[in-house]
Amino acid sequence: MALFKAEKKAPKGPAGRWDVLVAEDMCKACGFCLQVCPVDVFAWRSTANKLGWLPMIVAHEENCVGCMLCYQICPDFCIAVTVKAGLEEGAAR
Amino acid sequence: MAARGRTRTEILISGFGGQGVIRMGQIIGLCAIKQGHRVTMLKSHGTETRGGYVRAQLVIAPQYVDSPVVENADVFVAFSAPAYRKFYDLCRGKILYDPEMVSEVRTEAPERHVAVPATQLSKERFGKELFANMIMLGALTRLSGMDYAAMKQAMLEIIPRFHEQNLAALEAGHTLATLAPA
Amino acid sequence: MNPLAKKYLRPSQIPTKACHGCGIGMIENWLLQAIDELGLKQEDVVFGTGIGCVGRQTFATWGGDNFGATHGRALAVATGVKLAQPERRILVVVGDGDAASIGTSHLIHAARRNLGVTVICEDNMGYESTGGQFSPTTPAGYVTNSSPYGMVEPSFDPCDVVKAAGATFVAETTATQWHQTVKVVKKALQNEGFSFVHVRFPCNENFGAYALGTRDTLKNLEWIYEHTQGRKADGSATDFTWETGIKHDASNSRPEFTRLLRDMNARVQADLAKKTAAKA
Amino acid sequence: MSEPAARLIAPWTEWERRHTKGRRLLEAGTFALTEGAIAAGCRVFAGYPITPATDIAEYMSKRLPQVGGYYMQAEDELAGMHMCAGASLGGLKAMTATSGPGYTLMHDAYGWAITNEIPLVVVDAMRVGPISGITGAPGQGEFYIARYASHGGNFETIVLSPSSVQEAFWLTIDAFNLAERFGTPVTILTDQVVSDMWEDLFIPDDYTELDFVVPRKANLTMPFFPVGSDAIDVPPNIIGRGTGVCVSAYTHTEEGYDIEEMEAQWAQTHRLINKIRHHRSELTRYETVGTDDADVVAVAYGADARTVKTAVLEARARGLRAGFVRPITLWPFLDELFAADRHYVVCELNYDGQLVREVMRAAPDSRKVHFMGKSAELHTVSEVVAALEGVAQTGRIPELPYIWTEVR
Amino acid sequence: MSEPAARLIAPWTEWERRHTKGRRLLEAGTFALTEGAIAAGCRVFAGYPITPATDIAEYMSKRLPQVGGYYMQAEDELAGMHMCAGASLGGLKAMTATSGPGYTLMHDAYGWAITNEIPLVVVDAMRVGPISGITGAPGQGEFYIARYASHGGNFETIVLSPSSVQEAFWLTIDAFNLAERFGTPVTILTDQVVSDMWEDLFIPDDYTELDFVVPRKANLTMPFFPVGSDAIDVPPNIIGRGTGVCVSAYTHTEEGYDIEEMEAQWAQTHRLINKIRHHRSELTRYETVGTDDADVVAVAYGADARTVKTAVLEARARGLRAGFVRPITLWPFLDELFAADRHYVVCELNYDGQLVREVMRAAPDSRKVHFMGKSAELHTVSEVVAALEGVAQTGRIPELPYIWTEVR
Amino acid sequence: MNPLAKKYLRPSQIPTKACHGCGIGMIENWLLQAIDELGLKQEDVVFGTGIGCVGRQTFATWGGDNFGATHGRALAVATGVKLAQPERRILVVVGDGDAASIGTSHLIHAARRNLGVTVICEDNMGYESTGGQFSPTTPAGYVTNSSPYGMVEPSFDPCDVVKAAGATFVAETTATQWHQTVKVVKKALQNEGFSFVHVRFPCNENFGAYALGTRDTLKNLEWIYEHTQGRKADGSATDFTWETGIKHDASNSRPEFTRLLRDMNARVQADLAKKTAAKA
Amino acid sequence: MALFKAEKKAPKGPAGRWDVLVAEDMCKACGFCLQVCPVDVFAWRSTANKLGWLPMIVAHEENCVGCMLCYQICPDFCIAVTVKAGLEEGAAR
Amino acid sequence: MAARGRTRTEILISGFGGQGVIRMGQIIGLCAIKQGHRVTMLKSHGTETRGGYVRAQLVIAPQYVDSPVVENADVFVAFSAPAYRKFYDLCRGKILYDPEMVSEVRTEAPERHVAVPATQLSKERFGKELFANMIMLGALTRLSGMDYAAMKQAMLEIIPRFHEQNLAALEAGHTLATLAPA
């Protein structure tokens, strides 16, 4: 079983309740978040950031199920995943 | 400085890491050695892993080179805007720059500026930027009147892989229409 | 941006100059989670580092007080700091070369004394800031820039040695074990005495390029994952497997070193007072 | 011949006048060095035993717990001085003590403390070398090593040398004061004779009454490195107070962040060198006798200066225009003591000739600088008298057993 | 102005003439240092990686197994040099390489090797300090530390410094030869520029044809320490051959037994110092330009001498009576190069001023010795030309950015 | 005179300057018995020492080749000697301070590499040649000249650490176990790789005087005996007992370090030869 | 059970077959041999040797049973215990 | 040397280790300090644990003592033959020696030699040699005219145990019939 699974199957868990934020100017484009995300929230940006990398962007926030894998794996402190305003933590889990 | 101008050629190459700046310098240096010249090459880099600069300072002369420092470059190859700005004043000769990377150039000495669209050409011809440095080298060889055959030979010795593409890139640079005849 | 980074780190110092895909940042993220879950504040922790990528890419990122010792000496400096600031938690983040090669002696004797520090040994299996030479933890046979014919020196696991020396908490994880790492670092920080956490992580630029033959960040992290699991993606067994987990937990089973000294001082001064009283 | 003019330029001449309440003991130099440190507020000693500095460690292990301090027996000297640096960074005055073989293991700690402006005192009780040499015999082989106590250049160092047990006591307090004021390690370069010999020693009864002791201050805000300033009496940084201080082995900014610009190197060096060079007057300590009228001046430091001084007095009693110079501050070197154009006879406890090279550099005419090297034993009075007479009469030092006069 | 007289006094001028069969490459100084060692018969490298010496270790790890030698990656620099000493004592030529932070960890190994007359070569590729400083920038901060490479005094050291990649190759062979002939560690004090720069490099095809390489000899009988002798070319002791040899850290007798008599110290010192001082002519290596007619002479060593020499030529082209002195042998210091009474402009890559102090000592008039310190970057030709003109015209170096002229 | 001393030692160097009743000479006697029983000759063994009483009182007694390294570095020197003289047996005799304090790092990494040396760590539980300070092996609470209020630093057993580091033979005895010591030293010498024998012995002059309160040679040796047995003369239990005996025996289970290097060289040179042959 | 037993009882084993030699000029008078010998072979000499000690001497060689304890315990290589000429090792044991 | 003779008293004491040489020096030094003098004492020893020598060099003067080295002893106390031989030439004053330890003495200056049978007396009076140094100290006090009461006081401060015997020993030495009156 690979760390970065080829075909993605969304784990159960209500989607659409999460704010996913990537600090694009801090991103070094390792690609970990993209690979680890079970529901393809991330995508590459086509223009370089000030570090000279083509950074990651949030493409499909609505898919996010708040598994936090991206947050855990990002080596450059870029990612924040938070419950959307109004929906309290408990409900989200 | 007259005393040195006579006897030495100074070449300054600079850009981002990963653009093949040092490789380019190595090839030029080896080529010169094969032609019986003495050569020095200083490598230096800014601190940032990215966004900084990589610099090769080459001095080529018939006899032993004392100062390896390029203080008055005969040729300056600029692969990035920061590099262009940082080292502009060290050049009193031709400046080859890649317009895709160096968008603005000083206006005071147009005759010294030569735009070599290496990155763009590399992308067009090879689908990636990887060969921009060889295109630039081709152009430089032509402009500075260095021995093209010898340069090819040196390139093949130093670069392990992709010989066809690299040769093609060198050729592309060497035959660039925009270049004034050597 | 990572909210814990916002809370604990220095905006001006991140992102660091670490290469992309380098595990150093991941591990620091997990340290922050452990610190946060224990409710520690910036001023509660003194952050110490050695020299090397692990040192330079973490030094001064911490929002509180930082020291970056000379190569190998972080634990000697930490000993002095702990004497003067016994109330602070001292987190020492060091590389495998720094901790297990040039710093071996200081590591061993800090463990023997049960000095109150938490050592995070971030192990990329080589000297990476100097361009990728092997270290005492490089696995057998792997090619590095100083083992062009494959690593021939027998390697060792620093955990075994610090445990033998007297460390009261010893654990090992890898850069693909985020939950476990947060968990053991929390336990480590709850030990008043000497704690040692050994975390293997991928160096993309050097170990990846030379030992594993690629700078593909995914492949290199995958390699760590496989050797943590003991199985490759295709299900076949890896050439070796790291034993991760808590290897020794005698937390708070014996007094922290500087407390021993303080207790002795109290005793000595009491006796002295008695004597002078007797004289008078 | 008339009583020669004698000067002792050192702060403790005044301290001694003002503080007279105390006991007179017969004690060893190591005892005086220890008590001086305790009196100066030293609360951490971290070191590794070595003859002839071991007794300092032993005295410390007894005394520090009594005053609430900490004795650390480090695993080696590298650890010892780094522990001291850590403790001082944490706010406690600290000291280590060793001899040559351990001293040269402290170079990286020196550099770290110097760069981060950490106050420390290091005692090197010199014995004869190279290497283990003779453990119980005096030497003066670390004169230059004490100046260049770390690699990479771009710093100045402060080195003091006492010549008696009593002076060792006062000078140790002085060393701690200078460490605090200049924010740097101060080296006490002493020798086996001063550390092991016993002398009558005055010890004040109550250290808290020593009003000249410089207390530890604390800088609790940015800048953590006063770029561009050559000021002294800058409070040192303290770690563990949550100020966000950053100290490291790297060339650094005023925040303490590592930086690799030559401009930053310049700025750092500017401070490390000039805070010392521009306050040299604060560092001047020496003793002279008869330098007003002398034709030939004997130069020596440490215990060796004791017999040399007696020899100078003896020579004068015999009618020779002899003088005596004893630098107490060895570094920054006191060039001014050698400004006069006359003969200098430099007595050192080494055969290669170290101090003599600095005198040759500083003196107007290096041909008039004579070397009188010896090892493992102090120069005898008769030897030095013979040398002074020889130089006065023939311009050279006569052949003497176990005395070396060549410098190259 | 007429072509200036130029001299290069070094054995390799003759070697180059005689050995012309080989390849011309574009290679780095670290490569040249490695190949020079291999050519000289080095079969053990034990060290610890550090920028900018790491590449030497890496090259060695590849080359030594090919020639039946051993690459040891030691746990630290202390171990590294002691391993080299052990290997050389066992009969194999050995070398270590480091930079400042590691160099100062080798002091006890130096002393041990010096006392036991063990041939070794040590490379210190200097970077700017103190401490880590700037890892990728050149410095010259270990000039004195290389001389006083261990504690205790009573010894001399041999230190050489190359200024080009080609010279690094020949000079490394020379260093091994001197180590064998003098029975002592020889230090190659180089810098980040020489080690990292690439230049055209001639490498002989067949090292076995280099007839000037001094092979390892072996002393297999008592005396193991030639008391009283100042001879060179004394075969070194070899351990493991059952000769009953004794080597140690102690002052020793001719059998190698430890002894604590000052007479024995004298005897040992006599040999350690005089075998070097009395054969100084065997150690003289330097380069000069225009010293016959120069009014102002620029002095520099290592890579920095490259730009300084160009500046001197430039100044002469402008009509200035400028000269150039590049000591290749740094220690024993070549006083004779500074015998003439003229202006000296000493260029160094440190701000505290080290080489300049020796020039001040050796020159007839220290007031005519000018310091031009810089850090982290080579002096530029224009800077040095300006300085030479300034001194020629006004007797002083003009204000220049990031140039330091004070020595005290 | 002891016939083995006649056979192996230097008449001019014995008796040594060791104090009377010092265990250093006893242990050396037992080393000679082991060497003799293995039929080794003077020229087969290189005798290496450190600095300290154990070093100075054994240095140059051995009739063959001797080296006395600087304090703590004996194993680094031995590594170099072994590279150059792989056929020799290298016997390294060092004190507890030399081996387990300042020399820790070299000891650990020699063990990790399985370097072919036999280390005899003669432990008098303190720095005795400097006048009797405590060391990392001084038992808790005992008074020395640098622990006037009793040893407060936790001590450790070097055997545990070298075993964890990778030593292939580890044993412990005391100065009252002559037969056992001869036996384990013989086994140690038969291991091609790294062997470590830890022998506790009485220092009459310092440890005896300060920690045990007497310079009575009999009392001090008796104290060693009691703590070896775990029982006092009166049958009551001692404050602690040393666990003696063989602690780890993996003799010749993995190749000696310099053999690994020689084998690699052979491989490398063979490949090189192939390549050049192929070219031609 | 003490290392040095107060009252001595001679272990079985034929006596009188052993040469016991003490190098008196090497002896540092630790007294171990005297204490450890089960059959009182040793005694103190009343005059100092060149080391300044009052060394051990062989007083009752005839008692010796060849147990070798003295040889094993002597820290200064002073003692030799050998079978008397004529009596071969085997017989002695 | 006249210049120094006036102002300083040099005392040299030497013997084997264990004979209490240093203790004796300490007591003399402390006694002098208590009487307002300045004192230096160098301790040195030969290398051999036994058979070598232990030496105490004391200099006592009204003002600060420069050279602590005894080059011309006013009194030399010899507890052993080697010590007597080694340091004889450093003394120009009285030589107190223990005849049981120093069997042969030079004949050229009988008036400077004073035999003090300290060891013998100690054995007779106390059954062991342990108190020889105090007997010698008593004799020295008398001969050199130092303050006896002060010396007793200093002795009691420095020696922790056996006060009675030590006092008796001091007395025995001080009252030795063989000594010329101070």
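The first chain written gets the first letter, and so on, giving A, B, C, D, E, F, G and H; residue counts start at 1 in each chain.
The definition used in the following text is that a residue touches a chain if its C-beta (ideal position, glycine included) is under 8 Å from a C-beta of that chain, and two chains touch if they have at least 3 such contacts.
Quantities reported herein were computed from a predicted structural model and do not represent experimental measurements.
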item: Furthest chain, CA centroid comparison against chain A; value: H
item: Furthest chain, CA centroid comparison against chain G; value: B
item: Interface with more contacting C-beta pairs, comparing C-D to B-E; value: C-D
item: Chain B and chain H: spacing of chain centres that average the CA atoms, whole Å; value: 88
item: Distance between the centres, which are taken as Cα means, of chain G and chain D, whole angstrom; value: 57
item: Computed distance of Cα centres, chain C from chain B, in Å; value: 44
item: Per-residue overlap in chain F, given as positions that touch at least 2 other chains; value: 18-19, 51, 70-71, 101-102, 104-105, 108-109, 136, 149, 153, 261, 264, 268
item: Contacts with two or more other chains, residues of chain D listed in rising order; value: 65, 75-76, 101, 108, 111-112, 131-132, 136, 248-250, 260-261
item: Residue numbers of chain G (touch at least two other chains); value: 51, 53
item: Parts of chain E lying in touch with chain F, wherever the complex brings them together; value: 44, 46, 65-66, 68-70, 72, 74-76, 78-80, 82-92, 94, 108-109, 111-112, 239-250, 255-258
item: Of all residues in chain F, those that touch chain C in their complex; value: 101-102, 104-105, 108-109, 112-114, 136, 149-150, 152-156, 160-161, 163-166, 254, 257, 260-261, 264, 267-268
item: Footprint of chain D on chain C - complex, ascending; value: 10, 12-13, 42-43, 46, 51, 56, 59-60, 63-71, 73, 76-85, 87-88, 105-106, 108-109, 258, 261, 264-265, 268-269, 272
item: Residue ranges of chain E in contact with chain B within the complex; value: 24-26, 136, 164, 193, 196-200, 303, 306-307, 309-311, 313-314, 317-318, 378, 380-382
item: Residues on chain A engaged by chain C in the complex (per definition of touch); value: 1-4, 21, 23, 26, 28-32, 35, 51, 53, 71-80, 82
